[in-house]
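Common to both upcoming complexes is chain A, partnered first by chain B, then by chain C.
So, the complex of A and B:
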């Protein structure tokens, strides 16, 4: 057998290799005297790239829930927020406001994933049997409730200030440009590994069952599949991924506050998913890249347009809306989505 | 020996008694037809037996076990598989995937083997593919195997539903109007396949309006009216029974 035979063929395996390579190179920079230099013009791109990697984990989880299983989750940000707060509270050394327990950060990160998963499980237990639109209301309401809790329980969550003093493991190892590069490599690597995992899951018979539930739950049950179990699993996996994204965000940002976890996050990842094409993992990432890229481009455009920042922000929203309208009109399944796979009329 | 039986089955919707104290049984290896005018409670009876809805009273016994109120998925594992009156294809999936989906005990339907791409999953899936392709070929759907099932005709959908149900290798197959909306040629073909399955030992219960095909096909006919058993027995005897004629034609037979 030649080496070529051993090379992975599927998208999933390529993502896994790329992800591991990113993590490896990231580790190389972090633990050796090797340093990176960035032209200052690239800073903004790297920063948006880091945020894209984090939001990428969110959109992959959402795609597992909505794209494959058909669960309408309009409150995805809540799992992101809960993961971030859990990680921040457990690992913050000393915070100006709110709780700071000072445990080592890996414990905080693990707790972020677990707490988000537990919240997902609790929501599933009460609401996963609900029909699509009702589940949407429940998740939306949950997100709003938690947002209000984070703002108002100042003793615990630090109110509008949030929690500061969260350790930044990468910043502790390297500084400056290298820190940015390592962060991008590590978070991008985690997102690629996530992509590999969800791709494997949905390419396996497991994914076939999820898509059958999306198509017709009663038929799927009549064929001997315990659909409640599958729906709960898909929901909890998506929640846990969002918790992981939240924990990593807290450890990258060094602080959490309610302002980072508004409904805007949910809206961004939903638009990204629908734009790219639900039920196609790479497409939802591409859709998210388009929507986040648009923001980045508009940041530069602001400098050359003769309008004020406020006006420009409104124009940007209008443009995003128009793009969404155009996609729904001409490509209802998303740019790379399969209309027959999603059962949308064209 | 009776494979499936109901005893005193009752289901009410608001004030309407859709199934009223219905007791009947189906023997192992039998081919039974269930008929009755619209609203006689045939589909409700099917739904109660197959776990889609819970009966208000009475028991359902499958192979000596009380399965009253069991979920459809649990009944499917216990060997009772049903089809639906309005064919319910998984339209966003291909014909192939529709049939493959039904395969029982696939380890790849659990998270860890799916993530690890375990060899047990791959080996099992090979068997599933082979079996699914055999069924698709046997039902002459092979030229449509990679089509989305939304593009199938009514008759082809019925065939697909049958092939999919057989993937589970059921002990008892419950078919809700397998001939509805199917052209006469295909009706004959589906009937032949059902007879063939029954000859090979599968117990089959069919709801059908197409009386001619049904009476030729089945060993025994059961006629329901207003949720109760009206007449049952040999198809010819049942069809010439005055009460049946009256129920179907309405009013007096005189």
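So, the complex of A and C:
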């Protein structure tokens, strides 16, 4: 009997195993004199890969809310942002703008998750009963409100500059190429563990109830399920996950600013989710990989085309917008989604 | 500046938001979708007006007419291309489509029109009223002298003309009555022999015409860049929901409430936080959806 046969069967367990392996290898690099060398051509891939791991947590949370429960949250970036800001404010040292309290970073990270979850709870307590398109508007408006609060309250949030001097735990241990590799391994590992956790959650009867709510809320309620409670829980889980992603982003980036948390983030993860196929965890990650791969391609294409960066950014966004339109029209279930289960035509 | 001055600014802002909000709310009521790309229709209208006023050159009223016709054509073409084919998929896919379309349009405008802001060249007469005494309440002056420019009077006058025209259209013409019938109950309207697709198309044209006019007025009052429409879409949306989504009269009321709140909050907020005044509009929106989601004159939007 080979080792391969002993590997677990379920997607969730495999993701857990892969995630733990990533974390272990990451720790090996971080705590031993072992060092990694990267060819310079790979830098851009690793950087996009790190961002992909962070956005991956966002899309998994969003998929729990929209794909499984049918909650149309179009302000997901707000939870990402408050998680990042909470972590930054608590753990930053000597930022020349905004508040910096200088607590150890694990406290900041925990606070980021809690603050995002509390915001999610407050938002769902007030708005979860709204019809889909109106819930989308409320969440989107909430994201815009917080964005302008971050920009305008300069004494607390540092205005457009944001908060600098956030500790970078990985950069404190290792430097150079090894730092990039370790960051990718650790964040990728956390995302894989998250994937395992949400897979566990949605394969359980709990997940079936969530999907029943998405399919028909009235029927689910008539079976004695408190749909509002389930919807609130799903919303808060998604928000807390986004808070975790935000906190990790702050600790990786070493700074937060309003520019990192625009509506563009929400749009990117929505397109990734719809393109891959909502309600399928691995599919939404694959969809996100495609849309972020496009970003990579466009970065290379920029070098060989004679147009300016501004023009190129506009063209890229036109393409992104049209992809969203085309996916909804021609492949409403996404590439790997189950059309019959999602209740869409075709 | 006195509060009276801020109220005048609020009325002007409310006027162009009202024109746009009528178009937005008609689409909501009859096509049954939240059109998030509607702000881009305003930007397009303003740019069409600018091209007419500077390249051809024609006088401003004619440029506004050109923008209205252009807005109507753009609106029906986009609707036919993007929204009519997915009419029966429900509100969420249509909202998402309009978000995607909005991103594409906004960046296409930026690609063609550039990043900078543009202005209409207008001759402005200013009427001053300085004789009014100041009544101070803390840092805020409750009365105070004020001025009105001819541009501001044009914007308010155009809005009033639009309100009268829309009222006439909805109550006196067959198309308008059919629109109200469809907003009420689409199946019943179809049973009564109303060509629902034709009415939907006319709503798209009407909304585009209104967007074109609102865009030009906005550009006259301030300036126009690729982001002009997008930066106003949440205010338009707030006005429409505040008034009760689907109700044109409610939208007018909602727009003036939003306009006045924006202006007055500028007067009361400390000067370092005037950027927050746009957030105030969204706070109103969220509050309305929480307290009375049906708005001042609308239907229930909660499911459970």
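Operating definition for what follows: the second predicted complex is superposed on the first by the 331 of 346 C-alpha atoms of A that agree within 3 Å, B and C clash if a C-alpha of one lies under 4 Å from a C-alpha of the other, contacts with A are read in each partner's own complex, and residues count from 1 in each chain.
Keep in mind that, in the parts below, a residue touches a chain if its C-beta (ideal position, glycine included) is under 8 Å from a C-beta of that chain, and two chains touch if they have at least 3 such contacts.
These numbers come from a predicted model, not from an experiment.
Of the two partner chains placed by superposition, A:253 touches none, neither chain B nor chain C.
When the shared chain is aligned, chain C comes close enough to touch A:315, but chain B does not. Using the contact criterion defined above for the overlaid structures, shared-chain residue A:227 touches chain B and also reaches chain C.
By the document's definition of touching, of the two partners only chain C reaches A:133; chain B does not. When chain A is checked against chain B and against chain C, the one touching more of its residues turns out to be C.
By the touch criterion defined above, A:211 reaches chain B but does not reach chain C.
When the two structures are aligned on the shared chain, A:219 is found in touch with chain B, with no touch to chain C. Once the two complexes are laid over each other on the shared chain, residue contacts for A:197 go to chain B alone; chain C is not touched.
In the superposition on chain A, the residues of chain A contacting both chain B and chain C are 221, 227.
Interface of chain A with chain C (complex): residues 72, 74, 126-127, 129-134, 136-138, 140-142, 144-145, 148-149, 151-154, 217, 221, 227-228, 267, 270-271, 274, 310-311, 313-315, 317-318, 320-325, 328-329, 332, 344-345.
On chain A, the positions that touch chain B within their shared complex are 197, 200-201, 204-209, 211-212, 214-216, 218-227, 233, 237, 340-343.
On the side of chain B, the complex with chain A involves touching residues 50, 52, 71-73, 76-77, 81-82, 84, 88-93, 97, 100-104, 106, 108-111, 113-115, 117, 121, 125, 128, 148, 150, 164, 167-168. For chain C in complex with chain A, the touching residues are 33-34, 82, 85-86, 89, 91-93, 95-97, 99-108, 110-111, 115, 234, 237-238, 241, 272-273, 275-276, 278-279, 282-283, 285-286, 289-290, 293, 301-304.
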